[in-house]
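Two complexes follow with subunit A in common, the first pairing it with subunit B and the second with subunit C.
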Partner chain A sequence: MDKKSQIQIGETIAVLFVFFILVAIGFIFYVKVIQSNLEQEKDEASQLRSVGIAQRVMFLPELQCSEDNIITDNCIDVLKLESAKGIMKEKELYYYDMFEYSSINITQIYPTEAKWSIYSKETDDFSSKFVTNVPISLFDPAGRKYGFGVLAIETMLK
Partner chain B sequence: MINKKAFEIQFNWIFVLAAGAAILLFFTIVVVKQKGLAETSTKASVLKSIEAIVAGAGVGTDTTNTIQMPDSAIEIGCNRISIGGVSKQYQSMVMFAPDLIKGSKLVTQTLGFSVPYRATNMLYLTGQQARYILIGDNNLAKEINKTLPSILTKEFHKTSSLISNKNNYKVRLIIFGDIDANSIGMGSLDKMPDSDVTAIKVNGDDQKGAIQFYQKDGSAWSLKGGSIYIGRSSLIGAVYADTVESYECNMQNAFSRLNLVTKIYKGRTEVLRDSDLTERPRCIDTYNGALTQLNKIYAASSNFNNINVETISEAAKELSNQNKNAQKYSCTMIY
Partner chain C sequence: MKRAQMEILGLAIVVVLILVATTFIVRFLVLKSPTEYRAGFVSSELASNTLNTFLKTSAAECSQLSMTELLQDCARAESITCDNGQSSCSFVNSTAKSILSKTLGIWAIRYEFLAYTDAKLPLIKIGQQCRGEKKSKLFPIPATTTTIYAKLDIC
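Showing the complex of A and B:
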């Protein structure tokens, strides 16, 4: 092989090397952009999921206030709550489909302070955690009195 | 000298070929991987949309929606939804749907399952390419026609007639009253696969009744099984579900939910009865009467079968009366 040909092959190898480096840089840049988009999407999905779980809690027939099948919005029946808290803990696996990894607590602020924990399934292996607080009225059918409280839903997402 | 030159030229070509092949291989791998990823991503996003529909179903009652999504084939089984290789399993899902939904337009409907208090929302899912043919002239047929969304591909015939083929991938006939399934002419539906042409025959009112499930067998109908319904929402479920197995799986899930909700109403009514103990004897009687019915519903909701449906239907009527009594005597209502 003469010197001219060796130089030609060397040039070609150098061009290919530069070409592959440019492709690699482009690929790394593309992956980074995709990763950041994915993170953003994951974050949005997590927030949506958290709000979704909060909505599902609010519309549970096990907790909702109703009179003659007419539902009162943003209201939780205290007597149903008392019954439901035991049942929902007992049937944790059944409710996992609806609430996934989350803990649901109801706190009465007025007229007296009280707290109910209705569902709790937590994991240490979570990537994000969201807390959604919903102001609610708490109806006590035995005393026919309304109270005021907060429904707190803490959602953990893997 | 000549040999050396020839070797140089050959080596050059081999080198160019190898480098070209490497570049081509690299881009082919990238494109193939990207294509696979895009396909999986589309399937996953469709599945996510359906998951959102299932989750949202619990929130709104009596709603109808059309959802536009990438053209796909969604397979629905008992507590399972899958698209291609991506699937989602549920512990207990109340979603009545044909076993296969094709097309880019999904139709969803929700109705409350109340016997007599709301236990859950029933979700119905189908594609706009599926065809529903209602045949009958009684009030129930008219009511069901009104309840089914207008955006659905549906037809209403008062009498049995020859059914034409309109190139739908699935055809479902809903026959009411005394019309015999075999009196309905299959017409050009004859050429469709047997599993894609199904029918139900309904005997009953909007409270409860019997349903017979049929499937096309050549140019005749073959009876595949029978079941029962309780309430209009359950009957609508039988309209959407393809098979008796799918219908009964969903009804069993609805009954499991009814069982849980009834347990809560039982606990609530016991507290109401005990809190009113000394003050209002009429309220106590009402609550005691209600508790008897709630106990019946609780026991009967453990399993979906003919006897339990009868028991729940009777107990629901009684409980509804007790609820009216509670209102009449100014007691706190039972539900």
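Showing the complex of A and C:
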């Protein structure tokens, strides 16, 4: 092989080497971007699931106020709370399908302070945790009076 | 065209293509801002739920009258005096202050609560005026001669 051919082969190898380095850099960049997009999408999906769980709790028939089959929005019947707590403990699997790993607490702020914990299934192995606080009316059907409360939904998502 | 000139032209085309591809990737993939579904849901619900719940709340010290009824009296003649000696206006004011500080205050959310018939002379004003973006909820309450507006701004 003459010297000119050897130089040309060397040149080709150098060009290919630079080309593959550029391809590798591009690939690494692409993978990083895809990875960050996936994480972003995962976070968005977690947020949506958390909002879904919060809405399911807010419109739970076991807790909602109703009169003559007419439902009052944004209201929890205090008398239903204790029964709901017992039912949720008894039928844990059914409610797990609805609320997954979360804890649902209701705190009365006015007229007196009180707290009810109606569902709690927690895990240490979670990737994101969201707390949603929803101000809600607490209706006492016996005295026909409304209190001011907060429905706190803490969701843990894997 | 000479061979060297052809090669330079080819190189220039490759560089332009790489620049276009990079701009495209940066524009659509890297600078894509995350969608805050939960924050949107929470802030849109918060103002309306807080105000709605507050207006419906029964005042234990004022014969279980609702805050709406007390506001109506406050705008009318302040004829109601609660068990603790407070007038309707001052009772709504102190209760709203207490409830909002135990909720929005604890959650470190800035707010402004107003109840007025004339926006320049509010009957009740709690919190600081929002600067910049805010979520607002306005509830008109009919009274005998006028309309009372209860407004909550979440900053």
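FYI, the second predicted complex is superposed on the first by the 156 of 158 C-alpha atoms of A that agree within 3 Å, B and C clash if a C-alpha of one lies under 4 Å from a C-alpha of the other, contacts with A are read in each partner's own complex, and residues count from 1 in each chain.
As a working rule, a contact is a pair of C-beta atoms (placed from the backbone, for glycine too) under 8 Å apart; a residue touches a chain by one contact, two chains touch by 3 or more.
As the structure is a prediction and not an experimental result, all values here were calculated from the model.
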Overlay on subunit A: subunit C relative to subunit B, clash or fit: fit
Subunit A as apex of subunit B and subunit C, Cα-centre angle in degrees (nearest 10): 110
Touched partner set for A:A142, first subunit B, second subunit C, both or neither: first
Touching partner for A:E44 - first (subunit B), second (subunit C), both, neither: second
Subunit B versus subunit C as contact partner of A:I109, first or second or both or neither: second
First, second, both or neither for A:V134, with subunit B first and subunit C second: second
First (subunit B), second (subunit C), both or neither touched by A:Y94: first
Minimum distance between Cα atoms of subunit B and subunit C in the superposition (Å): 13
Shared subunit A contacts, counted only where both subunit B and subunit C touch the same residue: 143-144
Residue ranges of subunit A in contact with subunit C within the complex: 29-30, 33, 36-37, 40, 43-44, 47-48, 50-51, 54, 74-75, 109-111, 130, 132-137, 143-150
Complex contacts: residues of subunit C adjacent to subunit A: 25, 29-30, 32, 34-38, 41-42, 45-46, 49-50, 52-54, 56-60, 64, 66, 95, 98-99, 102-103, 107
Contact footprint of subunit A on subunit B as seen in their complex: 4, 7-8, 11-12, 15-16, 19, 23, 26, 48, 52, 55-56, 58-59, 90-93, 114, 116-120, 256, 260-261, 263-268, 271-272, 275-276, 323, 327, 332-333, 335
Subunit B partner contacts - residues on subunit A that touch it in the complex: 1-2, 5, 8-9, 12, 16, 19, 23, 45, 52, 55-56, 58-62, 66-69, 71, 77, 79-80, 82-84, 87, 91, 93-94, 96-98, 141-144
